[in-house]
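In what follows, chain A forms one complex with chain B and a second complex with chain C.
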Partner chain A sequence: MSAIAPKFKLSEFIKSLLDNAFWTVLLASLIGLPAIQVVLFYIEMPVINGELLTPFLALTWLADPTRSLPILKAFMATDMFRVMVFPGFGFAALIAAGTIFIERKMLAKLQLRVGPFYCGKIEGILQLMGDGLKLISKEIIIPAKADKPIFWAAPVIFVATAAAFVALIPVAPGWVVADVDLGLLAVFAVIGFFPIVTILSAWSANSKFPFIGGIRALFQMVSFEIPLILSLLGVVILTGTLNLSEIAASQTNFPWIVFLPVGAIVFFITMLAELERIPFDLPEAESEIVAGWLTEFSGMMYGLVQLGTYLKLYAFAGLFVVLFLGGWNGPMVVPPFPEELLTGVQVGPLTVGPFPGLPLFDQEMLNGTLWFVLKTVGVIFFILLPRGVFPRIRIDMLLSLGWTKLIGLAFVNIFIALGLLYAGVLGPGGLQ
Partner chain B sequence: MADAVFLALTVITIGSAIAALELRSLIYGSIALMGTLGGIAGFFFMLDAPFVALFQLAVYVGSIAVLILFTVMLVKRELIFKKIEDKRRKFAGIGLMMVVMVGLGAVFLDSGIKTISTDEPAVDFRDIGTDFVTYYWPALILMGLILAGSVTGALVLAKREDVENDQRTN
Partner chain C sequence: MTDIMPPGLALKKVDERIMTLNVGPQHPGSGHMRIVVQIDGDYIVACDPDPGYVHRGEEKMAEYRNYITNVPHLERPVIHDSCNVLYPYVLGAEEILGIEVPERAKYVRVICSELNRCIYTMYWLAIYGIFLGHSTMFMWPAGDRELLIDLMEKVSGARVTHAHFIPGGVRNDLPANFEDVCLRQVNYFEKRIKEYAAVFYDNPILISRTRDTGVLTRENAIRYGTTGSVLRASGVDYDLRVKAPYDVYEELDVHTNVLKEGDSYARSKVPWLDMMESCNIIRQALQKMPKSGSVRTKLKPNPKTKGPATVYKRVESGRGSLGCYIVSDGKTEPYRVKMSVPSFRNLLAMPNLLIGEKLGNMPSVYWSLNYWPVEADR
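Right after this comes the complex of A and B.
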């Protein structure tokens, strides 16, 4: 007899299972199905391939996977798909998760360690999943004298702000969640929210180390916002638009980093500071102030802040790619979609297809996404690299760097852009 | 739809303005102030002026509110303010504000704002830029000089002279 359940009987167990099954079937048929019918009555169903999508049609399509492609394609055209899956949250979260693992492994290799090793057969590939499970199952501890509403809300607002930033980044031609006419200004507005969330969460924890970290984060972010904004004005002067998609599309011949290397360097350094990465990781300096403004976060709250941080990292890398490296532009390497699949393939005595709904993505979009992801991963690599190379710098050095050198360089960049424009090298009548 | 959004924005703006004045916790007061400034940004969005709205967000919510938060956090409230609080003062304050707001509203309504047609196309921000460099260029140059002066002043202030040599950055 087991010690955990001393009165265990197999018959009782089976009876309880059958009991549950009985009630599930009864409730589903009496309440669930009518509820679905009532809800469906009020939802406007889409028209796909000239047929109204009735529940009956949807069920027949789901039974035949090739015929469900039109449903998938109709779903991909919705805003929901953009926000949740492709250029939006899902895609960015996937890249963010990959970044976390690559960072740990790459740093380990840089420092002649092995890094995550035991979780999963090959090189600790499942470490991330293990970390996620651990964070989800851990208890969330809130300091006794913390300001509870702000402390609870801060990680959520942080992730929301990072997601808003991600939504502004165009990935492929036409594939962006929010195609704002003033996209770059919207980016500045969104970046302005990060210090608020940081300082509020730091204050609300009611603890020394988070507060010191929060104050440092505030200093750092606010003072580096100015060179960040100034360094991007050169690109705006040359393109004459604030729309990020148009800026990316304007770089078909050459990326702006060719003409504005100073601006790109200033933007990269300010990016490191805004992301609180080494050598500018004073807000989280773990050898001085425990973990900075993240000290009191535990469990999934810490997980959310971590997710937000890496979403922000992806968004900044994407912004760098869009503004300076030409966004999705690149040689066409994706092969065209095979025509046979559209008409039907002869396989021996059988004709397979044609498959309605194919192709799911057009060639241009796949190619754009490929180049965008390649460039973004490259930029992320260069963001991660200093962590294995540089020590942390002092806060007065940081502020002096931001306020004197970077602002000056940003102005130099603006004058370079103006010179190129007025000399006729770029702009109307020039190269582009 | 627009009316509902307008009403919601109004409630948010005025409600958080009252909260910013009346809340005893200075931090929550500053958060409420952020709500007010954000609500005003929402009004600019409704008025088809996204340029102004985004600057409102970037400058007022992103910088001014942070400045206020920062100041509030580093200050011991008890040292500055003496609490003189009773119900009558509170309601008198709210009442006074309401009277001022109603008065201002009456002035606005009387000023012929009703006759403005609202279906004009939105002004492109490029037109604003063109106006700035053509008709309003003296104002632009004046602003540029003031901003350059303030940036230079900030740089001079940031470069402290009283730091000893071994504390210097480089």
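Right after this comes the complex of A and C.
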């Protein structure tokens, strides 16, 4: 503990707090209050519901749930909310952050260590925040001979591509950012973009180790895209649609992994390779090529690439859940919304409510999200697990695995799907 | 200009297809050295190991210190194996100074030497694991090593740089109750390293990666002058503890582990088998050790030699046979101390093993040679 703040004194700490409070009050009263007065003097405030809107009234409304809930609900219906918060970037980034923390703790337990421990007092829960702050505060170093515009743009494009992938994953019925009819095709298109970003960043760094890493990543991703696409064809044949929401909805009775286990295994292995996870982390093999295509990235550029990597991991796990594990389908475990809240509940001497804006989310959506998140976390766990067990494999072994064994197995999977279809066991509508 | 430059720095006109990689000294896949590797696609076409980055002039330093004060700095080349590194020097100095070593001290030396062999090998194994991307195999040996480091700390007072062997015996007697603690920790340690087979040595990916890579045949192993685990992995039954026993090794039953394949996998497995053999030796030594007695022949602070003499002693260290050649001209300081280190001999085999291999095999072949850069540079 003493190492954190060696010259810590409580009196000085309180003094600094009082100083801060003093300056805040001083600046607010000298600048803030006159500004408000000026605004009130010159701008005519609107009249809403027979009341003149004053700053005081606006603040009161914020604290009044009957006023603020409808606004929140209206905001939640917008596309902006979907893109930024719930099925989109914010939700995915939250799961990605959780993944990083769980990975570090789980790997530590596997290796008889403690992992992140001190930051945030409780089991190092704030370690990620500390790492992020460190990355932001670090200097970004660009190699002198780098192709600078592309080198700067590459991490951003990488995160954008990963976010585009996230946007295609349906989380709950109706809750998806981009509900396109050719959703699976769009997924393939987005996945096909990753090698381009990788080779762009590797080439623009103009350095030997990123170049070798980029070429390896290109080899790996391109050769594993084919078994990836082939392994998903079985699901498409059985469901007769490319829309991911419809594929998830078609698994109300049973997930496709029951009938297409071969396809699921092939997809899982190709997923590990596409994600550059151990045992397929050749593009970042540190004992051979330092950090592969990430070698020249520093500071927040590296942080962005890491964020993109984990967004991609979440998206792949979500895709596996949607295609093979039944997506949001699961037994209803979320209790129904208590209707009394709409009219008001008597709790002792107090009357709580009424809250006309509620419920914010319906029961089906909450249940779907719960099952989707549970299944996704399970898949992520299995993606993380090989890191503690396997060493890295070699590029020639990887390519022979992809081109011979996995493609063969993917075709076996397609034949199983066709057999099920023509034998009349299953059809586009599900179990016949 | 290029004529006077050292070979690694000379600019050479090469084919457009060939890419020259400087692996090291600032590289996670090299030790404190540089390997200049030329690759054609994924194949290594030329390999030029360039040691000398951590040269410290230990041999020259030894000429300015007397036989006792040489002890702490001569162990520096391999601090993880510090007892074994000092061992040949101490044996030679004893012969030059003409002193006898008490029986109990010889057994203490054997115990410390075997403990240090395990400590070194665990460190080596941890790095071998992380070189292959196996992070569990990095953490487990690094953690289990602590068991033996604790034992050595009880014996000598220092965790790694023990400076425990001195001409005339060992510095201190064993602490009270050491036999029981040592037996318990060593038994647990042996049980623990046997578990490594499940996660590492029997791992199908590891086997498929390291089998038949960097094959060193029996003839080549002898011709290049390799030693230690590298030699034994190529099918040569050569262990100085058996072939030329020193101190009390002839009274102990030492089994030599020999594998015939000569590939990276065999070279990585022999040190692991040797660790189990070390545990056996420690148990035997604890049993046969005289329970009491002196551990040190007293010497004056600046001991005098008997006269001009030369002596060459060698021991089996964690990496192979380690020799020390001492020339005395009758003064209190040695005239010359020359160490014949196993690391450097094993390194000589590396270019021949790496040429024609894939770049992905470089870490596994390089580190399986049981090479310690600091010892080669000394």
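Here is the rule we go by: the second predicted complex is superposed on the first by the 360 of 432 C-alpha atoms of A that agree within 3 Å, B and C clash if a C-alpha of one lies under 4 Å from a C-alpha of the other, contacts with A are read in each partner's own complex, and residues count from 1 in each chain.
We take it that a contact is a pair of C-beta atoms (placed from the backbone, for glycine too) under 8 Å apart; a residue touches a chain by one contact, two chains touch by 3 or more.
Because the structure is predicted, anything quoted here is derived from the model rather than measured.
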Could you classify chain B and chain C on chain A, in the superposed arrangement, as clash or fit? fit
Would you check which partner chain A:Leu218 touches, where first means chain B only, second means chain C only, and both and neither mean what they say? first
Per the contact definition in the header, classify A:Leu110: touching chain B only (first), chain C only (second), both, or neither. second
Could you tell me if A:Phe193 is touching chain B, chain C, both of them or neither one (first, second, both, neither)? first
After superposition on the shared chain, which partner residues are touched by A:Glu286: those of chain B (first), chain C (second), both, or neither? second
Looking at the overlay, what does A:Ser137 touch: chain B (first), chain C (second), both, or neither? neither
Applying the touch criterion given at the start, work out whether A:Ser11 contacts chain B, chain C, both or neither, answering first, second, both or neither. neither
Of the two partner chains, chain B (first) and chain C (second), which one does A:Ile278 touch, if any: first, second, both, or neither? second
Thinking of the overlay built on chain A, is A:Arg392 touched by chain B (first), by chain C (second), by both, or by neither? second
Which partner chains sit in contact with A:Thr404 here, chain B, chain C, both or neither? Use first/second/both/neither. first
Just the number, please: smallest Cα separation between chain B and chain C in the overlaid arrangement, in Å. 5
Residues on chain A lying within both footprints (that of chain B and that of chain C): 394, 396-397
Give the list of chain B residues in touch with chain A in this complex. 27, 31, 34, 50-51, 54-55, 57-58, 61-63, 65-66, 69-70, 73, 125, 151, 154-155, 158-159, 167, 169-170
Given the complex, residues on chain C that touch chain A span 19, 21, 27-29, 42, 129-140, 143, 199-200, 203, 205-206, 208-209, 358-363
Under the definition above, what is the set of chain A residues touching chain B in their complex? 147, 150, 180-182, 185-186, 188-189, 191-193, 195-196, 199-200, 203, 211, 215, 218, 222, 225, 394, 396-397, 399-400, 403-404, 407
Considering only the defined contacts, which chain A positions touch chain C in the complex? 107, 110-113, 208-209, 212, 278-279, 281-282, 285-290, 387-397
